[in-house]
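Below: one structure, written as structure tokens.
Order of writing sets the labels: A, B, C and D. Residues in every chain begin at 1.
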Amino acid sequence: MAGSIFGKLLQISTFGESHGPALGVVIDGFPAGVRITPGEIQEYLDRRKPGRSEVSTARNEADRVEILSGILDGITTGTPIAMLIRNTDQHSADYEELKNCYRPGHADYGFERKYGFRDHRGGGRSSGRETAARVAAGALCRQLLKQLGIDCYAYTASIGPVHADPERFDRSLITKTATAMPDREADAEAMAYIAGCREELDSVGGTVVCLADHVPAGLGDPVFDKLDARLSYAVMSVGAVKAVEIGDGVQVSERRGSENNDAFLPERNERGDQRKKTNHAGGILGGISDGSQIVIRAHFKPTPSIAGEQETVNRDGEPVALRIRGRHDPVIVPRAVVVVESMCAITILDALLLNMTARADRIEEFYRFTAEKGR
Amino acid sequence: MAGSIFGKLLQISTFGESHGPALGVVIDGFPAGVRITPGEIQEYLDRRKPGRSEVSTARNEADRVEILSGILDGITTGTPIAMLIRNTDQHSADYEELKNCYRPGHADYGFERKYGFRDHRGGGRSSGRETAARVAAGALCRQLLKQLGIDCYAYTASIGPVHADPERFDRSLITKTATAMPDREADAEAMAYIAGCREELDSVGGTVVCLADHVPAGLGDPVFDKLDARLSYAVMSVGAVKAVEIGDGVQVSERRGSENNDAFLPERNERGDQRKKTNHAGGILGGISDGSQIVIRAHFKPTPSIAGEQETVNRDGEPVALRIRGRHDPVIVPRAVVVVESMCAITILDALLLNMTARADRIEEFYRFTAEKGR
Amino acid sequence: MAGSIFGKLLQISTFGESHGPALGVVIDGFPAGVRITPGEIQEYLDRRKPGRSEVSTARNEADRVEILSGILDGITTGTPIAMLIRNTDQHSADYEELKNCYRPGHADYGFERKYGFRDHRGGGRSSGRETAARVAAGALCRQLLKQLGIDCYAYTASIGPVHADPERFDRSLITKTATAMPDREADAEAMAYIAGCREELDSVGGTVVCLADHVPAGLGDPVFDKLDARLSYAVMSVGAVKAVEIGDGVQVSERRGSENNDAFLPERNERGDQRKKTNHAGGILGGISDGSQIVIRAHFKPTPSIAGEQETVNRDGEPVALRIRGRHDPVIVPRAVVVVESMCAITILDALLLNMTARADRIEEFYRFTAEKGR
Amino acid sequence: MAGSIFGKLLQISTFGESHGPALGVVIDGFPAGVRITPGEIQEYLDRRKPGRSEVSTARNEADRVEILSGILDGITTGTPIAMLIRNTDQHSADYEELKNCYRPGHADYGFERKYGFRDHRGGGRSSGRETAARVAAGALCRQLLKQLGIDCYAYTASIGPVHADPERFDRSLITKTATAMPDREADAEAMAYIAGCREELDSVGGTVVCLADHVPAGLGDPVFDKLDARLSYAVMSVGAVKAVEIGDGVQVSERRGSENNDAFLPERNERGDQRKKTNHAGGILGGISDGSQIVIRAHFKPTPSIAGEQETVNRDGEPVALRIRGRHDPVIVPRAVVVVESMCAITILDALLLNMTARADRIEEFYRFTAEKGR
């Protein structure tokens, strides 16, 4: 219960430190009978990989995933799926001088106060590298969601002051641009901005938007386990996220009810759900999906590891002037896109499984059916 | 697991519908030996009560809490604490005409799709009234936090376009102004704005800020159960919240690292934690408390129940022009302040308990000590 | 997490002390749309009630259950079902002299060491009275199981040296005999034995058997959450149980494999499951139900509260000669039958819900179906 | 939630199939700062290893454990500890002919009905090999328990009709005899008995007893999470266990209260807990440890894989005469001893951690202390 297990029916247990032998994930509760394309898991991991372009660190992580259990002849078996990613390209020496001081903006101080100890080599468990395990799990969840007709995808919506223009939205660009922006012009502008940050030994933040299409109405529970509450939990658990918005998010607090309410329309969508005139709610009302597109936005802070000089203290509380060496992304956002997508996919699939037991008539049908078929 | 239980070591299980016989909460895992002042629970509930002023509905809910278990002679016993609040002033008839149509901005549609059924009387389980049970639990948690030296409190930071001015912040006003703003001028302005909304048969949103002082460094876990992730989950689970920010929140996505990082200072605070020059992080770094003030902001949408005419459909999917009658707050925010405070108090106390088992040396000391004392 | 919540998808949260204002239970995760007969809940509770005959205490507990939420017009709504039972006939004075000493065979000592405190009035939370809340929950689960064609029932198999004879098994006697034995002769013999115990100021133990018919094959999970592991947990959590057996239980440790293995037969049962020649396994193989009758046996110790003199110590560790006054059953078993039945029903229903998400093809069918039906 | 995660504060997540690439375990919630001797983990695993003597299979599993995370320079870091055991000596071909039939006494049938599929190679996830992961976790828990002064150990108490004699109990023999019996004479007799079983192409069951000394009073929770309920759950989750007894177990159901109650004595033990005259209760009263020795007994069925001919059916329900080939232990008990010990150690450590938050005065002391020490 030290917080490395996520999910309710579908439980993701991750492990591993940035500079230890390996990272990994165990998925318990993943349904049997799903055909898995290992190549897709790898592609998914590659989207998180550094070194894709000058945006990200030069560190060369192979991030080869090995499936240890739960998949036989390409099909899930219903038993826990364990996936392993070995750490290969580690420069622990880069971190030697950080051993005795607390980096501003990092978990160093709290971590040491909690455990009486700190793995200074790249942040240890607090490293962004931990998210590779989430992405491996997310890849599987996304494959099952796709088979169920649900499409969940994320992109970079802004980097610093540069925002992708919704008018120019082109989904196919997400995996092509270095920033993961769906807008080539914004991408170019953002790249220039990032280059400026690097030159000034500085870093910058940004936002990621995740959308989910064709989610059936009825997912999520009315009180604590609202679908949006679970999504916020999932997305806020990604390092460097400092705000989560559902639908129109922060804008709603200045709105009138007459503007913000979404009118229901007589038409139905392809899943038989009632359409709405607008979707300010981001597809979730009262914590339950309403059949419209689900919209989540995450705000990432600028990378705290900057090359410029910073004030801090050492373990004895004495002032230290710090310059962080080593390979650090001036912006974390492009690599975080697939992490946000993964956390949302895991959460939506979990809600989808949980929803199956909500109604007695469905349970009865289910078991009558399995008896008839000799299961 | 239908999502009405919240918490890890400290588990809050709530029940009850808006128009059923009663609401209530069972708290499992609350420590033994805490002196409880029942009057404080009641005061706490009264802050959520409608009818405090013209801001809120005329509905006269007595909201008398009855303690059913877990407290003997004013002291908690370590066993589950159950608290009951009877519903008394119900006008179910007000809801008769809503039986067959889906109110925009409400859970009606998703709820019906989920359960094949809907308690149309005041939203049933989806009603804001459900939060009374959370507040009863929050009152207890806040009392224990106070005894441990931790101070957790919330206030209205804005209503529509009217923002409380940090320069005029006066904590004592929170429980005195009708809006729960800590600023008398902003309160007056906001009241005027709300009156305008009501006249125009409309409603408005707003923001609540919750602060926690003297939280020890080290609370929260590094990966999924980051303290901020748990807080987001807790706060986003409150109906009508559409965005949650930690510290500077949405602002960080446009910032540079050099601006956003908080420098550690050589000074220590009263708990022995290192002070920081700024607190953009809102007291949480890498998911772990850093000893500085914890800062959470929740954005509430405008009350979806408005008296003005709205487009929607009935259960057969036919268009309906809807006007919602009955008693509805034009703004939910002032009453929600104590709910946000409660959810944060519950979450912080839970993290505080969880943190006790993080280190073997402490565990050893703990059991050596209890053996020596004959426990 | 102080252990008053049981279950995975179906979660039962109980509260209340023997001599506090009330006992109760909140059931989260119970499916919507189940027609509930409140009279059956009451009948079920009455089976646990003392005073049914000279076997049990003269204490006159009304045990009237009040439904507070989750059921509307006799149908479950999918939201938490809270049920309340007020305590009425309490003789706290009977317990005054027990305040300072530890009763042998009771939780007194451990409880006080744990919480630094003890509710001496009737054992407080450790009282057998706590099980009334479990029975209320069990009554609901049994009703749903029945609707799904599953029949779960328990009976007294032995009291002290008197065993019910399987040859004379008559299920209809379970609710008629004072001992809850399905055998009138054994019942008479046991009653005489109990009368002897009472005369000698002593008490006696016994066994309860619980059976479940028509459970589909496939319930339970292969590793930790084996169906038998969950059932053992459930049944061992009932006070005074000191051993749990599945199928032939303790006998298997002296057996040969050739005797103990159950051969599969070519015939199928009414649910389409393969029949077996014998059922030594008690319907569970490798933790998963195999379609045969599920068989669980619980061993209860003799009531620890006896009128005869006992050695013990007081809170200062000084020797005390104790005679327990008040109303105490010389045998707990007849009243415990419905408690064991309840815990098994809750556990089996939980396993049945959990099993619904085991296979991707079923999940797909489920959601295709709900989309077609407009859910 | 497919049941491969065990524990509350201390959570063990296992994965891996008998004939897949690897087995493993992730432990979340293990405290930081525990010095681990990897050699002890290996010794512990070796006790479970087959091939130790003619009692067990000739299969040569290296069972080399690799630590992937959570331990740095021999000290636990507070982050998840992942351990991996590669499968090496697999004879999948042995299982080819079992592909289409259900082995009596095995999970085959239920597994296939659940998942629509079955990994026939050695039982897959249902194989006893799965317990290697539990043992790796148990080894760590036992090391921490030892540092806290708690001694938890198991042994073979009987094999078929041969029982170890308590009068001849010699703890040092447990790891020396081939049967893991603490009695050399019984060991010899049992070995002869086993040899007879093998000759007759048959197998035999037995019992394992686990003891825990110096457990402080106060562990366990009063209602569902009684310490004995959690231990039963833990031990019954081990494959082939069909009954669990606490203390005198099944004997109590025929006893009188005056015989079965354990009198408290004026003396105190080394931990300051009150001694008892007898320990029929096995160290647990009302679900809470009472300071006396904890006693658990598990009954194992005979190995279901026997070489003699058995009746069964194939996947089409047609009768089949089956002879199981391959390497199978005629008795599982000697290898299961360390598995039972592991599950008990995990459960007791979990209860010990959970107990730390039971009292507000201790929580206050804890945080006052950490503040003073600058934590």
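The rule is simple: contacts are C-beta pairs under 8 Å (C-beta built on N, C-alpha and C of every residue); 3 or more make two chains touch, one makes a residue touch a chain.
The shown structure was predicted, so the numbers you read here are calculated from the model rather than taken from an experiment.
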| item | value |
| --- | --- |
| B-C or C-D - the one linked by more C-beta pairs in contact | C-D |
| Counterpart interface for A-D, drawn from A-C, B-C or B-D and sharing over half of its contact pairs | B-C |
| Where chain B and chain D are represented by their mean Cα positions, the distance between them in whole Å | 43 |
| Between chain C and chain D, centroid-to-centroid distance (C-alpha), Å | 26 |
| Where chain B and chain C are represented by their mean Cα positions, the distance between them in whole Å | 37 |
| Chain A residues counted as touching two or more neighbouring chains | 1-5, 8-9, 14, 29, 32-33, 78-79, 113-116, 125, 216-218, 222, 268, 354, 358-359, 361, 375 |
| Chain D-facing residues of chain A, complex | 1-5, 7-11, 13-17, 20-24, 26, 28-30, 32-33, 66-70, 72, 75, 77-82, 84, 113-117, 119, 124-125, 375 |
| Residue numbers on chain B that touch chain D, as the complex places them | 9, 29, 31-34, 76, 78-79, 144, 147-149, 216-218, 222, 268, 271-272, 352-354, 356-367, 369-375 |
| Footprint of chain B on chain A - complex, ascending | 1-6, 8-9, 12, 14, 102, 104-111, 113-116, 123, 125-126, 130, 158, 160-161, 197, 202-207, 216-226, 228-234, 236-237, 239, 242-250, 252-266, 268, 273-274, 277, 281-282, 284-291, 299-306, 308, 310-313, 317-319, 354-355, 358-359, 361 |
